[in-house]
Each structure stands twice: as structure tokens, then as C-alpha cells.
Amino acid sequence: MTDETIITNSQAAEPANPVAAPVVLKGQERFVAPLDETPLQDVDSVDEAAPATSMWADAWRTLRRNPLFIVSAVLIVLIVFVALFPKVFTRQDPNFCDLNKSLSDAASGHPFGYDLQGCDVFARTVYGTRTSVSVGILTTLLVLVVGTLIGAFAGFFAGWIDAVLSRVTDIFMAIPLLLGAIVVLQMFRTSSSIWKIVLVLTLFGWTSTERIARGSVMESKNLEFNTASTALGSTPLRNLFRHIMPNSMASIIVVSTTSLGTYIVSEATLSFLGIGLPSTTVSWGGDIANAQTILRTNPMVLFYPSVALAITVLAFIMLGDAVKDALNPKSRTA
Amino acid sequence: MTTSSNAEAMAAMQRQQGPILEVKDLQVDFTTDSNRAVHAVRDSSFSVYPGQWVAIVGESGSGKSTSAMAVLGLLAGTGHVVGGSIKLEGEEISGFSRKQYEQLLGKKMGLVPQDPMSNLNPVWRIGTQVREALQANHMDISHEKRSALAKALAGTDVTVKTNDDETFLGSAQLQGLLDDARQALETAGVPAQRREELMTGFTQAWVPGSETRWRVADDLIKAGVDDDRAWAIAKSRVVGSTLNDRIAGLLSEAGLPEAATRARQFPHEFSGGMLQRALISIGLACRPDLLIADEPTSALDVTVQKRILDHLHTLTDSLGTAVLFITHDLGLAAERAQHIVVMYKGRVVESGPSLEVLQHPQHPYTKRLVAAAPSLASQRIISAKAHGEHGAELASLMEHQVKGEEVLDKGEHIITVEHLTREFKLPRRREMFKAVDDVSFSLKRGTTLAIVGESGSGKSTVANMVLRLLTPTSGTVTYEGEDIAGFSGKRMLDFRRHVQPVFQNPYGSLDPMYTIYRSIEEPLRIHHVGDAKSRERRVAELLDMVKMPRSVMQRYPNELSGGQRQRIAIARAMALNPDVIVCDEAVSALDVLVQDQVLRLLNDLQAERGLSYLFITHDLAVVRQIADEVVVMQHGRLVEHATTDEVFDHPKMEYTRDLLEAIPGGHLSLGLD
Amino acid sequence: MGKYLLRRILQMIPVVLGTTLLVYALVFALPGDPVRAMFGDKPVNEAVAAQIRAEYNLDKPFFIQYLLFLRNALTLNFGDTFAGQPVISEIARAFPVTIKLALMAFVFEALFGVVFGIISGLKKGKWYDSVILIVSLLLISVPTFVTGFVMQYFIGVKWRLLPVTAGSNPGFLDLLMPAMVLGSVSMAYIIRLTRSEVSSNIAEDYVRTARAKGMSNRSVLMRHILRNSLIPVVTYLGQDLGMLMSGAMISETIFNIHGVGFLTYQSILKGESNLVVSVVTLLTLIFVVTNLIVDMLYALLDPRIRYA
């Protein structure tokens, strides 16, 4: 580069020749440390005693020591167990309601009392778990697949494929999740399957995963080990599946875990607005909506499903934080 | 005034003033996540006298940078001083609070950090970041501040030196000053041609914000203007600079051209060398008595490194600044510093006057360093030749058995590159950028050809075209007489099998998700060689070959050091028994000792298997140890192509000479121990 | 800068077209029948249905429908509601309230989010860092409508500090609680973002260089740590401004505020597809435009992309 030219100032003195006159000053006499103080080791020897660790093993070790992870993992195990086996916790049918018992206090076997329709609040809270957890997990998985695939292709092929896919992502990103979901859902008011919620949330939720996947594929694509593999005779597609994707998974998993909680909140919000799941499906959001009319007189009816919802979301968000800490490339030694 | 009398005067001053920095039995610990203390520095002592360059030499992790940061009170993260003392001008500072350190930093101690790219804030203009240093210490921007030492030394030159004489020249007065100077020269009767020369010299030398009154007067007097007139001009025209003048002056002192314009740019518009110059001007902005330079040029090309260090040297000499110079390169340390401190595993293992340490290393670690340093090794070859040593003795110095001329002449060409050209499209530019421009050479079987050049010379682009990772814009690469552009399918796979790469970055070239076993096995899998059992045997064999224990098979790259990873990369490249290995800066990122070890491994493999190497490097010193032939590249063009001896002994081109000149330690007279 | 702006505006055009097309398609072309939806649970009167179809061009091919809609939208003609009111006047009535609410929420989240984030990031590991972190985690986990009810119950009903609901022409105090509810989740995210930015910037090399210059702790903090941390925070805030407009739906429903969210929600319940499409289109436009402004702001804050 031409701009590396030097400006020579005439004021500059001649550089003193450092080796011309070795004048030894006090404290700078010749010193040689005794050998036994720092015994010489082999150059670059391998520490064979150290335990073998992969990135995942490393992450797991970090996770195990993180109290955030332990708390969230215990909670999630419990929540998933409730979702899978609600009958273990209550024998009451959540949809069996007796108007005579409307707003009755807690009784034996019905610890949370009854709501306005006379349904057992405890049973409804227990059965609501299944809805929330399945919407959260299914949406996350679906988003993971759709977002990762589109993002990986955009990042890997770059050029016009990337340009088109990125604009499509922009378009979906411009529609807020809740608004988009509401517009679509009002068309399918009658369907009672949780799949409609899962599909709608996926439709407007895949974009953030796409962005992350695209970015991290683009980043790992330029790493030297891909060039090395190509020079070994590997094909681009083989590189994508054998090297690039595995190396991009960490950041994708982090964003997925964190958004799981968001999907649960979204489902609850849609049900709360009355356009999510129909009243026949037990959902915390729907129960909270029903309880709002009696908020001033019987706040506890609203309290139980709210707390259940908050704890579930909190558990998944804490898990996401813990996973992020464990997989953070910055915290790992290169 | 002779150099030796200057040195004596200096030594006398130093003796009188005592050390500016005295570190005794320093202990620095870092605390790990599990609350365990890691001793980064143990019982280390060293001292720096005013005006002196002291070098701390050591490999990465030796504690050299940590010691320097402890002195500055800028230890990162959990690091803290747990024992010993740090005295600055006789005052104990190791227990100072952050507030107390604020008073010292900038004014008393300055820092030139290691990585120029990350040490300037990307959101502020360069000039702003220089200004911060001046303002933080309330620097008088219109007067130079010189250390007592510099004043005393300069005192023998010029007698009067009050603060007024240190007034800076301002940019507003520059034109008037030049006019007056011209007039004065005319009056003094200086002949026209000489006058023009002098004026050109003045225009260059009188930098606003840097040049002071007495220097202007001095320049005029030396040019033949009488004393009174010269001082009158200087007093009327040199009346102080503005803040912007001073910033530009500081930047141009550090060797940045067009400093006033450059000061308004952002860090991302600068090259690495320019950023380093900006950092030097920041470090010296408040005229500290002690400058700590932490590997200030490690990331730069050798010629840039030499220029920057030369500049830093003249600057600190004229200001009387003491420098604590941290480096991993023993040759560089010996060339720049009077006193060397060698650190190893957190301890000082040896220290003393540079030449003495270099010529008579006592500690086994220092001996090892001296033996491995490529710059010194090449130096040793030269002196051995000068002493008339030949044959076996010479060969033992050169790790590499250089082939004789006749071998090279007869050698069969395995790879031939003809008129290779590669153009790239620059963003938002119409014209194409020629990264490689009409390069031809050939690699002979069983020999090593080095391509040497600085960053941007196109050397790696050539390597990528030889590997067919890039297609040439024009020109051909032939492998065993066949144009590789025509290869496809099975023939292509066959070519990949025979020509293998080893890349620069030991942290990037192995997939972090793969075990070492899978990494080495990958080429065997791709080429469908053998079954699982035989592949495992082969991997074990390859690990033996690169002298790695078989137990690393189930390890991951992040557990290995840079040198170990590079050996794994070599094992992977060797898996398919290739003919040619293209080493793209394969040892550049490694510490000297590890570098030496990898070079030896490459040499051994070549001797055993008759491999041919295409060795891409920016380091001419390494070339001498490994290559038979050298191709020198600059700006995409081939500058010189000859045998290694020819290039080192009789370089033909100016650029090659510059490169040779820039090898650190090249001027040291090394006795053969 | 001018070129950059122009390029971003050009990039915006396909996004706006695509988004409106998508919204239009979702409402009018999905298997569900919007006209049928208008009748709700009542039996469908085929004659009326046909009339409605003709009025909204629903009998024409889909793409023609879309183009007609686009042409009308350009002249702010969004058609009429069932009640015969022009859609645009309904929107004009609702927007000012929502803008007020969104701006209040924005100030709330920006102020408290950044301040707490900085405190937390600078003093990582201190007890108040933990408190701030836990509170922000809770705010993220608890859905807005629950936060809304809790605040409504305690602040409005029990302690009577602020009005419980806002009504049709709300003032500053009426909107205070809804704004806090609306901004709470974003505030929590801003706290977390600011915290991680500040704590990672502290460890940057240029911060050490700044200290080595002898700069005071305060200047290093302001000029190097905070200045750089603000880049992503400002980006987030800008994007959130667009999101707040659409996110206002929950807050407006709970506190009975007659803003855009309330209007949209009511129209969805009534099956006013025309109004829904119009509002969603407008909100999306606002979102896209705020994003453009954010990009410009980003270019101003980060010189590395200024002329890119």
C-alpha cells in the first residue's frame, strides 16, 4: 500500500545503536534462574491426562453446574409429566361443570375451588398443561425444521436464491405474530385441533429462526475447515450436511429454546382473545379470559391458571438462558 | 558528538535518576470459575531505566503480557497482583486504586497494545480517539513536553531551552513561516538550487502541531540564516498550535501520511499498519516517561513492522521515553532492546544485556529459543558460510537438506503454473482488481518451492488456484503435464488425492465438532479407502508419523494447541499418500519453538517420502530453513524467482532486498557458540 | 448516505407489496369464507351474500381483487363497514389514542429498560443485578394480559391509585397503567439486551486502550462502553415502536381503550374483514417504515455501515 510511506521528521535523532555500548545498570545484571525452578517441558506436549470433551459434552458440563438449569429442568420434567399424565393428579373431568357449585370455595379433592360455570379449577389447571406444552413443543419443532431449512439454503447458496428467500422472510417478518395469527384464525373458528394454532404460529414465527440459521450457515461456510474438506475431495452438499449444519446448530438451538416460551404465551393470548382454541379444549388462556369478569370478586379463579402459565413459560425461558450460556461460543475456549 | 559519548552521557543520567520502573518478585493470579487460583506470573523481577528499551521475550502463556498489564493496573477479568512490588519512579504503585492509576496512565505510562484491529473504538474518528488522550490528561497542546533525560541529552546540542522554545508550530502560521524562511534564505545569500532543496526539506519537516520553536530556529540557523534573524522568525511565526494541529502532528510523528485528513476517518477505513501508527501516537500523546509496547507489530508484515519500529525508536529516543517491549521474537528483541528478560511459564528464567543473552544463553529454555528462532537460524547460516564451513556442518545448521543445483536442474516438474492471472470484482467499482498477474513457475518433484510476499501480494490466491479451489481468469496450472482445469469426476478426485493442503489457521482448519479420529479419517472416507478396521489402523499410523500420541484420537480440536492441530492437519493431508502438499502460511500463527518443530516434521516427511511442497509464507526467515527455490511476489506479480541461496546471497530486486533487510535480528553479529 | 437510503427504500417496495398481498390473501383467499364469517352463527342469506361479494369484488379473480384493493388503498379508500361508516374514518378515530398509548409505553420501556440494564450490566453479580434479572425474567414469562389483570386488581381496584379502565377519551393518567402493561415485556427484553451488551463491551480491547490513555472511569463508561452498547439497543427500540402499535390489542382490550387494537379485535369478532385488512395493512406499513428509520439510525450510530 502506498499510504504506508513514512514521513521522516528532521527532528528525529539518529537511532541509538542498542548494542553499541553495553552499560550494565544496577538491577540489570545477568541473571539465570536455577533450572529446578522451571523445569523445561517438552515442546508442545499433549496433556494425555485431561478428559476428552466435545462441544456438547462441554456444554453439558457447564449446564449441570448452572443452578438456573437445574431449577428449570426439574420444573420442565414436572410440567411435562403433568401434561402426559394429568389423571395422576386429578380424577375430576375438567369439562364436567356443575352450575350449582359456581364459585364455591376449595373442598377436599378440589383444592382450587370452582369457577363461574362450576368447573373444578384444579382439574382445569392440570389439563391446561397439556395444551400449552404441546403447542409450545410442536411449534418449536416445526419452526426449527422450516426456519433452519430455508435459512440454511439461503445462507448456503447465497446469490439470487438468498435474495429471494430473504425478501420472503422480510415479508413474513413485517406481519406481527399476533396480528397475523388473528387474521388467519378467524377463518378457522370452528376447528378444535391444536394443530391449527401450531400451524399459524409456525407461519408467522419461522422468520427469526431463518435469520439465525442463515447467518450462522454463512458464517460457518467461510470457515477454513470447509475449504479444507473441499480440497480433500468433498462436495459442497456434503460439506453442508457434514460440516456447516452441525456447526450452525448451537445458535439455532439457543433461539429455539428461548422462543418455546413465547409460543406458549402466544397460544394463551389467542385463547384469551377467544380466537385460539375453542372452549371445549382446556386452555389456560381461555380460563383466564373467562375469569376476568369476576376479577374483582374472585381473583383466585384467575390466579391459578395464570401462575401455572407463568411458571411454565418461566421454566422454558430459564432453560433457554442456561442453554445459551452453555453454548455461547464466547465462553468456550477456542 | 559520537554515539559512544552519547551513550555514556545517557548511562550517567540513568545511574543518577535510578530505574523508572522496578518490578520485584511480582505474583499475578487469575481465579477460575471454580475459584481455583492460576498463577500467571511468579516471582518475576525486572527493571527499566529512563530512555532505555527493555524487552520481555516469551511464548504465548509465558506471562509476559500479564506482567505488563499488571504494571499498568489493567489486568483483565479476575487477574490481580497477589505479591511483590511494582515501583514507578521509586513509588510503590501495585496497591493503587483505579483513581490513582488514572493519574499515572497516559502521563507517566503509555500503552501501545497488541492487536490494532480491536484496540480502537470503531464508532469514533481516529482524531477523536487521540484527542481523548490529550484531554483526559489536560495536556498543554501548544507546548512540547520533554522528559528530563531528553532535555539533558539535547542540552549538549542547543543551549537555551525554556518552555517558550517548546511552543508548537500552528497550521495557520505555516505559510507565513515558509515565506519568511524563503526570504531569510535569500537575504542570507543561499544559492537558488540549495535554497529550493532547503525549502523542500522545511516543508516536509515543519509539521504543525509537532515541530517546535527552537527546532525551527535551529533548522534555519543550520541552513545559514544568522541567529538573531532565525530566532526572530521563529518567535513571530511559531506561536502555538490548535487542538486539531496537535492531533495531526501526533499522528504524523507516528508516521501517518496526510494526518490532518486521516484524523477525520474511522478505524475501519485504515489498514492494520496505519491503525498501529494511530495507537502509537495515542500511547505517546501525553509524553509518558514509560511506554509499554505489547507485541505492537506482531500482526503486521515484516517490512511494515520494521518501518513502524524504526519510527517508534527514533521517536522515543528524541523524547527520552523508556520502552518496555513485549515480544515473542528473540531476534526482534535483541535488535531493539539493550536489556532482555526471558519469561517461561510465568517466571523470569534469564535476563541480561541483549547480546550477551543471545550469544551466550545459559538457561536451557533460552538456548532452545536461540536455536529455534528462524531469523537467528538464517543468521547462523550466513556466519557459517562466512567462516568457510561447508557440507555436514552447514547442513546441520540448516534443518533442511537443500538440494544441489544439479538436482534442481534435472528434477521433473510436478506442478507447473503458466501465466496465471486472477481478477476479482471490487464492490462498487467498475474496473477489475488483479490479485494475481501473469505468474509462472514450476515445482519440481521432491523439492520445496516457497512463495514469499506480504499481505495482498496474491500468494494465497495462487495457492488456491493450484488447489483448484479458485479458477484462474487466464493461464494454466498443470499437474504431471495435464491441465487441472480439464479435470472432472474420477480424475478430479484423483487430483485431490495427490495434491493436499495445510492451511494457515490451526483453529479454523479442523471442524470443532469432529474428533481428531474423524478429522483424519475424513479423506479416507471421501475416497472410499479401506474398511473401518483398516482406516483405524491408518489413522494410528498417521498419528505416529506426526509424533502425536494415539490417545488423541477421541479428543476434539479445542483441547489441542495450535501446533498440535497443525500436526493433525498434516496427518490428514498425508492420509492419502499425496505427492504435493500446499502449505498456506502453515506455520505463521505458531510460537517460535512450535514452528520449529512443525518445520522439522515437514522436512522429515519430505526426506522420507519424497514429497513436494509449495510453501506459502510472508516470513523470509522461515524460507531459508525449508525451501530449495523461492518465488517473491508483490502486488500480484512475480518479482524474483531463484534458488534460495541465490535469493539470500545475491538478491536482484529492490523489493527482495527490502524483505531481507526487514528480517528482525538480521544485523546482529552472532558468535557461533 | 443518500445512496444507502435510496437502496433501502427500493428494497422496501417488494416487502410492502408482498406483505399487503399476503395479508389480503390470508383474509380473502383462504379456504374459509369471509362472507360466511360475516353472518357469524346466523344462517347465510345467499342474496345478501352475493351482493356483498360484488361490492368487495370478491366475484372477480383473486389477483384482480388485490389490484383493485391496492388502487383503493393508495387513495386511502378502504371501503365501508357493515354499519355504512367509511373504514378510514373509523381508523382515524382510533389511531391517535393508540399512538399516544404506544409512545407512552415506548418512553417507559426505553427509560427503565436502559437504566436498569446499564446498572445490571456494570455490576454483574451484585444483589441488585440478580433482582433486576429475576424481575425481567418474570415480566417476560408472565403474559401481558396476566400482568394487566394483576396491575388492574392491585393498583386500580385494591389501592385505587390509578383508574381501572380508560374509556373512550382517555387522558394521561388513564393511559399510564395500560402503557406500563404494554411496555413491560419489551422493557424486560431491553434490560437483558443492555445488560449483555454493557457487560461484553467492558471487556473490549478498546476500553482497555481508553483506560490506558488515563481517561476517567466516567468518560470511559460514557464514551466507550455505553456509546457502543446503545447501537443494538436503539435498533431493538426502533423495531419495537412498530410492534407496540399492533401489540396494543391486549392492553386496549383489558383497559377498554378505543384504539386500533380494540377496533381490530372488535372487527374480527364481528367479521368485518374489510376493516381488518385495512388496519393490518396500515400497521404493517408503519412497521416497515419504522424499520427503515431504524436502519437509518443504525447507519448514523455505526460508522462502519454508513456508506456501505
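Read from first to last, the chains carry the letters A, B and C; within each, the first residue is number 1.
Methods note: contacts are C-beta pairs under 8 Å (C-beta built on N, C-alpha and C of every residue); 3 or more make two chains touch, one makes a residue touch a chain.
Just so it is clear, the model here is predicted, and its values are computed rather than measured.
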item	value
Chain whose Cα centroid lies at the greatest distance from that of chain B	C
Which two chains share the largest set of C-beta contact pairs	A-B
Distance from the mean Cα position of chain B to that of chain A, given in whole angstrom	43
Interchain centroid distance [CA atoms averaged], chain B/chain C, Å	52
Averaged-CA centre spacing for the pair chain C and chain A, given as whole angstrom	22
Chain B partner contacts - residues on chain C that touch it in the complex	203-206, 208-217, 219, 223-224, 227-228, 231, 301-304
Touch list for chain A against partner chain C, complex	167-168, 170-172, 174-176, 178-180, 182-184, 186-189, 261, 265, 268-269, 272-275, 285, 288, 292, 295-296, 299, 302, 306, 309-311, 313-314, 317-318, 321, 330
For the chain B and chain A complex, residues of the former touching the latter	3-4, 6-8, 10-11, 14-15, 19, 22, 47, 49, 52-53, 201, 204-205, 207, 210-211, 215, 219, 252-253, 255-258, 271, 273-274, 304, 307, 310-311, 313-315, 317-318, 334-339, 344-345, 347-357, 362-365, 368, 456, 467, 469, 492-493, 496-497, 500-501, 503-505, 507-513, 515, 522-523, 526-527, 548-549, 551-552, 554-556, 558-561, 563-564, 569, 572, 593-594, 596-597, 668
Parts of chain B lying in touch with chain C, wherever the complex brings them together	72, 74, 76-77, 98-99, 102-107, 109-111, 113, 115, 118-124, 132-133, 136-137, 266, 268, 279, 282-283, 285-286
In the complex, chain C residues that touch chain A	11, 14-16, 18-19, 22-23, 26-27, 30-32, 34, 37, 137-138, 140-146, 149-150, 152-153, 157, 200, 243, 246-247, 249-250, 253-254, 264-265, 268-269, 271, 276-277, 280, 283-284, 287-288, 291
